[in-house]
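Structure, as C-alpha cells:
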Amino acid sequence: MNKSTPRISGQAGLLPGTVIHIGEKKLEKAIITLIDYNEKEFQEKKVESVEKCYPFRDKPTVTWINIDGLHQTEVIEKICNNFKVHPLTIEDIVNTSQRPKMEAFDDYLFIVLKMLTYDRKKKKIDVEQISFILGETYLITFQEKSGDVFENIRDRIRTAKGRVRKMKVDYLVYSLIDAIVDSCFSLLEEIGESIEKTEENLILDPAPDTLMVIKNLKKEMILLRKSVWPLREVLHNLTRAEHSYIHASTEVYLRDVYDHTIQVIDTIESYRDMLSGLLDIYLSSMSHKMNEVMKVLTMIATIFIPLTFIVGVYGMNFEFMPEIKWKWGYFAIWGFMILVFGGMLAYFKRKKWL
Amino acid sequence: MNKSTPRISGQAGLLPGTVIHIGEKKLEKAIITLIDYNEKEFQEKKVESVEKCYPFRDKPTVTWINIDGLHQTEVIEKICNNFKVHPLTIEDIVNTSQRPKMEAFDDYLFIVLKMLTYDRKKKKIDVEQISFILGETYLITFQEKSGDVFENIRDRIRTAKGRVRKMKVDYLVYSLIDAIVDSCFSLLEEIGESIEKTEENLILDPAPDTLMVIKNLKKEMILLRKSVWPLREVLHNLTRAEHSYIHASTEVYLRDVYDHTIQVIDTIESYRDMLSGLLDIYLSSMSHKMNEVMKVLTMIATIFIPLTFIVGVYGMNFEFMPEIKWKWGYFAIWGFMILVFGGMLAYFKRKKWL
Amino acid sequence: MNKSTPRISGQAGLLPGTVIHIGEKKLEKAIITLIDYNEKEFQEKKVESVEKCYPFRDKPTVTWINIDGLHQTEVIEKICNNFKVHPLTIEDIVNTSQRPKMEAFDDYLFIVLKMLTYDRKKKKIDVEQISFILGETYLITFQEKSGDVFENIRDRIRTAKGRVRKMKVDYLVYSLIDAIVDSCFSLLEEIGESIEKTEENLILDPAPDTLMVIKNLKKEMILLRKSVWPLREVLHNLTRAEHSYIHASTEVYLRDVYDHTIQVIDTIESYRDMLSGLLDIYLSSMSHKMNEVMKVLTMIATIFIPLTFIVGVYGMNFEFMPEIKWKWGYFAIWGFMILVFGGMLAYFKRKKWL
Amino acid sequence: MNKSTPRISGQAGLLPGTVIHIGEKKLEKAIITLIDYNEKEFQEKKVESVEKCYPFRDKPTVTWINIDGLHQTEVIEKICNNFKVHPLTIEDIVNTSQRPKMEAFDDYLFIVLKMLTYDRKKKKIDVEQISFILGETYLITFQEKSGDVFENIRDRIRTAKGRVRKMKVDYLVYSLIDAIVDSCFSLLEEIGESIEKTEENLILDPAPDTLMVIKNLKKEMILLRKSVWPLREVLHNLTRAEHSYIHASTEVYLRDVYDHTIQVIDTIESYRDMLSGLLDIYLSSMSHKMNEVMKVLTMIATIFIPLTFIVGVYGMNFEFMPEIKWKWGYFAIWGFMILVFGGMLAYFKRKKWL
Amino acid sequence: MNKSTPRISGQAGLLPGTVIHIGEKKLEKAIITLIDYNEKEFQEKKVESVEKCYPFRDKPTVTWINIDGLHQTEVIEKICNNFKVHPLTIEDIVNTSQRPKMEAFDDYLFIVLKMLTYDRKKKKIDVEQISFILGETYLITFQEKSGDVFENIRDRIRTAKGRVRKMKVDYLVYSLIDAIVDSCFSLLEEIGESIEKTEENLILDPAPDTLMVIKNLKKEMILLRKSVWPLREVLHNLTRAEHSYIHASTEVYLRDVYDHTIQVIDTIESYRDMLSGLLDIYLSSMSHKMNEVMKVLTMIATIFIPLTFIVGVYGMNFEFMPEIKWKWGYFAIWGFMILVFGGMLAYFKRKKWL
C-alpha cells in the first residue's frame, strides 16, 4: 500500500522546486543513452558525462536522451538547467509519486506517465514513472531504472524501419506513449487470466485464500485505474492543444493511442465489475456451504434425538411398566423406531434436503 | 473472458500501422462480394480477385464491396491501398478487439461496429466486428466471417423495394447500421426471457446453479454494454458532424437509429437493475431456507431434549427413589411429558414457527 | 417483463418506415373523434371515415383529431399521408415500444409520451403510448385504446371554461401533457401507499411474500422511471426551442408542467431510496428472527444437555457407586440439578438473552 | 410518508390556474400583517381586510405583507389579483406540495421555499411551505400557519438595527432566506445528536428498535435533501440572473447564503454516509451476537454430548461387561471424563473461543 | 461528530455581518505577528496592539500579518475595518465552520482553507480553519490557535533562501497553500499505515474492535474529503481568474499545487475504496469463523448422537432382549460403534470438513 502514498511527509513548507528524490532508490548511478538521427544519419551511444549531450540541443536532427535512475539528482539538475527546464518540472521528475499529466511551458512540453509491467515473480504490478521533456528537436526521457518497453522502437530507429526515421521528434514521443499503452494490454491479459482462474477456484472450493486473491486483484485494479485514467486526459490535451511541436500528421496517430487508452479503461471497468461479482459469488457460496452443514446437523439431530428419547423411556426403572414385560416389546419398539426413521426420511425428501 | 481482453500482448512497441490480424481465425479465405447500383441499373457478383473491384472506385453509381474474413491480410491491404485508406485504419480493421468508433479522414469515413447475435446452441452472445469504409460513391464493409444481418437489405436493393435504390451511399450505410441496432432488440428479447425464466426458477428452488446463470447473464450484459454504449457516440457524431457524404435527407434516418440505440441502452440498464435484484432475491431466499432448517432443528431439539432429560431421571439407579415405586408413576410421567410437549407446541404457535 | 422489451425481433433489416403495428392489439377498429373550435364556434363528432378530417387541415380554427387504436395501420397511414407526416414518424406512431421523445419536422412537431394509469384490479401500472402530431392549426393524437385522462379537458372545451377556447393549438397540447403528468401524481400516491403498507407488514411479520412485493414495486419504479425521465427532456426542448407554433404566452405553462415533472422524478427517486431501505430492513429482520430461533435452541440445549449428562451418570450400572446407596442421594442430585438450572438462567440474564 | 406525495390525485386535467388549496388545513382564518418602512418611517399593523393593503402597492417605501394560512383561497386570490400575479403563481402558492423554485415574471419574482423546523415533541421534522412575491417596492409572503423564524428580522426592522431599514426590498428577501437557511443548521445539529446517540446505543446493545431509529433518520434525510437541494439552484439563479430588483450591493449577501446552503448540503451528504455506516455496524454486530450464541451452544454440546455417550455406555444392561464389576471402575470413568472435559477446554482455548 | 455540525443553532435571523466567534475557544488572547520584507529589507516582530500594523497597509513592501486566536473578535474587527474588509468576510473569519472557498472583493481576495494535522495522542485528525485576506501588498492570515505548518516558509523569508524574498505577495500566498496541501500528504501516510495495520489485524483475528477502527477511519475520510474537495475549486478559480494580484509567473506554481490537490483527492478516493473492501473482508471472515464453529458442532453432534442412541437401546429394561445375554454382545456393540465412528470420519473427509 505504501506504493500509493506519496512520500513527502515531514516536508510541508519545503522550498518549491527543491530537487529531492522521492521514491525507492532503484539504481546506483544514472545511465545516460543518446540516440541522434534524421532520415539519413544515425548514431547511438552511452554517454559518460552529461555535458556531452549539450551540443545536441540545437542540432536540427532528432535527439533522444534517455536517463535511467533518478537518484543522482545533480545529473538531472545539470541537464535540465542546460535545456532551460523550469525548477518545478525538475522537482516533478525526481518525485516518483506524480499523477500522469501534461504541462506546456514556453520552451518545451512536460509529460509524466506511468509505465506498468507485470512482475511474474512477485505476482504484482510494477509501476515505474517516466517523464518526457519534449523540445523542438530533442526528447529527454527519465526512467527510475533500466529496462523498459521501448526496445522495439530503438530497433526500428536503428534499422530505419517504418516511418520513425522520416518523421520529427513528435512522432518519436507518440511511438513511446503507444508502446506504454500497448504494454497495458498484456498486463490486462495477465490479470484477466488471474480473474478467470480465481473464478474457477471459487466454484470448486471457496476458501478464505480466494478472498485474499480477490482483494489483491481489486487493489491492483485501483492502482491500474489511478495510472491509466489521467492518461486519457493527457492524450486528449495533446491531441487538441495546438503545440507547434505536434504536427498535423502525428495527430491521427495520437488519436489512435487515445482510442487504445479508452479501450484499456473500458477493460479495467469491466474487470472491476467482474471482481465485484466474484465477491458476491464467494459470499453466497460460503452461505451455501453453511446451509449444507446445517442440513446435515439438522437431519442427524432430527432423526436421532426422538429415537434416543424413545429408548430413554424404556430405560426408566419404574416398577410398574407393562410394556417391559411383553414378550415382543423389544421388537415392537424396534419396529416403531424404524417407522419414525422412515417418516423422517420421507419428510426430508419432501423438503428437498436429500 | 478472453473475448474481452484484446490480444496484443507481447507486441508493445510494434510498428504502428502493422497489419497483423488479431482475433480468432474464423474463415480460411476472404470472400469478396460486389453490389453496384443506381436507380436504374443493378449488378451483384462474387469477385475472385480484389483487382476487379478497382474500376468501381470512381464510378458514379453506388458500390458496396463486402469482404468476409480478415485472416488474409494481404487482400485487405491491397484493396485498402487502392482506395487510399490510411495504414492505421487498416490496422484497426484487422484487429478485432476494437471499440466501436467513427473517424473522419480526408477521403473517407471509417466506422467500426460490433454485430451481436445470440448463439442459441452455445447459449451465449456472439460478437463479430464489422468495419465500414465510406467514400463518396462506395462503401467497403469488412466482416470476420460470412453470415450477417443484412440479407433483408440486399433483397431490397435487388428488388428495388423501398428508398434504397433511389438514394446515395449514405442511406446504404444507415440501412446497415439500422439492421445492426435492430438485431440488438431480438438479442435483448432472448436475454429478457432468460431473466424471466431464472426469476421463476429462483422462486421455485434457489440452487447454486441459478447463481451461475445470473453471473453469466451479468457478464453478457457487461459485454453488451461495452458494444452498444460507444455506438451512441458514433451515431451522435454521424448526425451532428457535417460530412459531405451525409446528406441532409439521411439525417432524419440517422436520428431514428440514434433513438433506437438509446432505447437499447435503456433496456440494458433496466436488465442490469433486474439482475442485481435477482441476486438479492437469491441471497435472501438462501437465508430464508436456512431459517427454515434452523427452525426444524430447534423445534425437534427443544421438544425432545427436555423429555429425554425426564426419562433420564427415572433411569437413575438410586436405591431410594419414591416415585419409582408408585403404582401410577409410569403413567403419571407420561402425562407430564405430554403436557410438556403440548406446552412446547403452544409456544411455537405463539412464535409463529408453525 | 416482456413489457419492457421492444418487440421488433426477427425484423433486423426491415424497410425503414415500414408501418407495422408493434404491441398488443388492444382495440379492433380505430375510433376517430374530431373536435374543432375557436373562441366562438365549437363542434365535436365521431368520424366514420378518415377522409372527412381532411378539410379541417387548413381551416384556421383549432382542430383536434383523436384516434384510438393503432391496429388498423391503413387508417393511420391515410391520415398521416394527407397531413404530410414523414414515414419514419408513422412507423414510430404504430410501434408502441417508443421512448418518450420530441422531434421537430418542417411542417409539424412530433411528440411521443407514455400515459400511465394504475390498474387496481391487476395491481400494476398500465402503460399506454400516446403520440402527438402538432401542426399550425391542428393536433392529431394517437392512443392504443379508448379511455384516457383527457375528459376534463374535453369538458372545458365544450363549456368554454378556462382559457383553452381563447388560445391556440399549443395551449391544447400543453393541457394534454399537463393532464398526463398530473395523472402520475395519483399513481405515485397509490405506490406510496403500497410502500407504506409493505413497511408495516415488514415490521409485523417479515415473510418471503413481502420480498416479492418489494421486488414488484421495484420493477414498477424501473418502468415508471423509464417513462418519466425522458419526459423531462421533451418538455425542456419544448420550452427552450423556438418553434413558431409555441407562443410565448404558452411557455410559462410549459415551464409549470416541467416543474411538475421534476417533482414526479424527485418522488420516484425518493421511493427508490425507500424501497432499497425496505430490503435492508427485510434482510436484517430475517437475521434477527434467526437470532431469536438460535437463542431458544441454545438455551434449551445449554440447560438440558448437562442435566441429561448428570442423570446419565447415575444410570450407570457399576456395582460400586457409593452415592447410589445414600439415603438422600436422589434428593441431593435434584438439588444439584436445580442449582445448575438456576445458574444457567442467571448466565442468560447477564447475557441479556432473556 | 404521505407528506412526500403531492396530493393532487384525481385531478388530472384540472383547469390550470385553478386555486384549490392542497395540503392540510392548518389555520382557520388567514392572518394578514403589514410592515411598511423606509429609513425614517415605520409602521406595523394587523390588517382585517385585504383591501387595506392595496394602497401600499405603489408607495415607494418597502412594504412587507405577510399572510398566515392558505385555506381562505378567496383572500389570496383577491390580493394576488390586485398585485397582478399570474394565475399559475396563485395555484402554486396554495398548493403546498411545491418543489422549491424561483420564477421570473414581468412584474415580480416568485420564490417558493420550504421552512424546516424540528418538532421536539413528535421527534420529527416539520415542513412548512413559504412563498414570496417580490415586486419593486413590496414583498408578499404566504405561510401555511402562524409562527416562523423571522422574529429576529422583524425586531431589527422595528428598532432600525443593522442595515435592513436603509436597504431596499431585495435586502429584506435576502434576510428572510438567510433566516430559513440558518434554521437548517440547528435542525442538522438535532439530527447530528440523534445520530450520535443512536451510534452509542448500537455499540451498547444492538436491538431492532435501533434499526427503526436509523430508518426514520434516513427518511428524514431524504425529506431534508428534497427541500434543500433545489434551494441551491434557486439561490444560484437569484445571484446570477440580472433582475432589476436585485441590486448589486445585495448580491454579495446572496452569495453568502448560497455558501451556507452548500454547507447544509455537504452536512446532509455526510450524515447520509454516516447513517449507511450505522446500518453496516448494526448488521455486523447482529452477526457477531449470533456468533457468540453459536459458540456457547457449540461448547456446551461439544463437551457434554461425548460425556453423555460415555455414561450411556455404562448404562447398558449387557450381562457380560467386565468394567462394571471392577472396584474402581466408577472412579476410573470419572477420571476419564474429567480428562475429556479438560481436553475440550484446551481445544477451545487454542481456537480462541474462550 | 459535533465537529462537522456548524454551531450556529438558535441564531436564525441574526444580523448578517454580526461578528460572533463560532467554534471552540482555543486561545485566550490573540497573538499578532508581523513580517515585512522585500528583496533587501526584512523585519519580523510580535505586535502588541493592532494599531501598529496600520502603517504597513500602504507600504510597497510585502507585509504578512498573522493573527493566532479568533476569540478576541474586537481585535479582528479593528484590523479588518482598517483594511476595509467587508462585514460578511469578518463574520466568515470568526465562524470556524466555513467550507473552504475563495471570494473576490474589490480591494482584496478572501480565501478560507482548512489546515489538517494528525494528532498522534488522540489518534484523530485535527482541523484548524485558516483565512487569508490578500491585498495588493499585504497578506493577513487568521488562525484558530498558535502552531502551524508554515515554519519552513518563515525560515526561508528570514534567510532569503529561495525565490520568496524576490517575489510579490501572491507568491507568499502560494507558498502557504502549498505547505497546507503538503501537510495532507503526511496525514494520508498516517492513515495509510492505519489501514494497513487494520488489514493485518483483520486477517489475524477479526474482532468487533476492528470494525470500530474501520468505522473511525471512514469517518475521518469523510472529514478529510469535506476539507479537501472544495480546495480543488478554490485553486482552480485562483489559477483561472484574472486577478491583478496574481502575476503570470505565479500561475505555474498554483497549477502545481492544484496538481498536488488532485493527487490528495485521488488518494482519498483510493482509501475509501480500500476501507469498503476491509468491511467486506471483515464480514466474510466473521461468516467464515461462524462456519468453522458450526462445523465443529455438527461433527461432534453427528458422531455422538447416533452412538448415544445405540447405547441407549441397550440401556432399555425389556425383559426379553436376546443380545443382552450373548457373551460377546458388549464387545460386538463396541465394534459396531467404532465402525459408525470411522464411517462418519470418512464422510467428513469426503466433504472436506477435516
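Chains: A, B, C, D and E, in written order; residue numbering restarts at 1 for each.
Here is the rule we use: a residue touches a chain if its C-beta (ideal position, glycine included) is under 8 Å from a C-beta of that chain, and two chains touch if they have at least 3 such contacts.
None of these values were measured; they are calculated from a predicted model.
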| item | value |
| --- | --- |
| Path length in the contact graph (subunit A to subunit C, fewest steps) | 2 |
| Same or different contact residues where subunit B meets its copy subunit A, judged by the half mark | different |
| Separation of subunit B from subunit C, taking each centre as the mean of its C-alpha atoms, in whole Å | 26 |
| Length of the line joining the C-alpha centres of subunit C and subunit E, rounded to whole Å | 42 |
| Multi-partner residues of subunit D (at least 2 other chains) | 283, 287, 290, 294, 297, 301, 305, 308, 312, 315-317, 321 |
| Interfacial residue positions of subunit B with respect to subunit C in the complex | 149-153, 156, 161-163, 174-175, 178-180, 182-183, 185-186, 188-189, 192, 195-196, 199, 203, 252-253, 255-256, 259, 262-263, 266-267, 270, 273-274, 277, 280-281, 283-285, 287-288, 290-291, 294-295, 297-298, 301-302, 305-306, 308-309, 312-313, 315-321, 351-353 |
| Complex interface listing, subunit B residues touching subunit A | 1-2, 4-17, 86, 88, 92, 97-99, 101, 103, 105, 205, 208, 211-212, 215, 218-219, 222, 226, 279, 282-283, 286-287, 289-290, 292-294, 296-297, 300-301, 304-305, 307-308, 311-312, 314-317, 321, 323-325, 327-330, 333 |
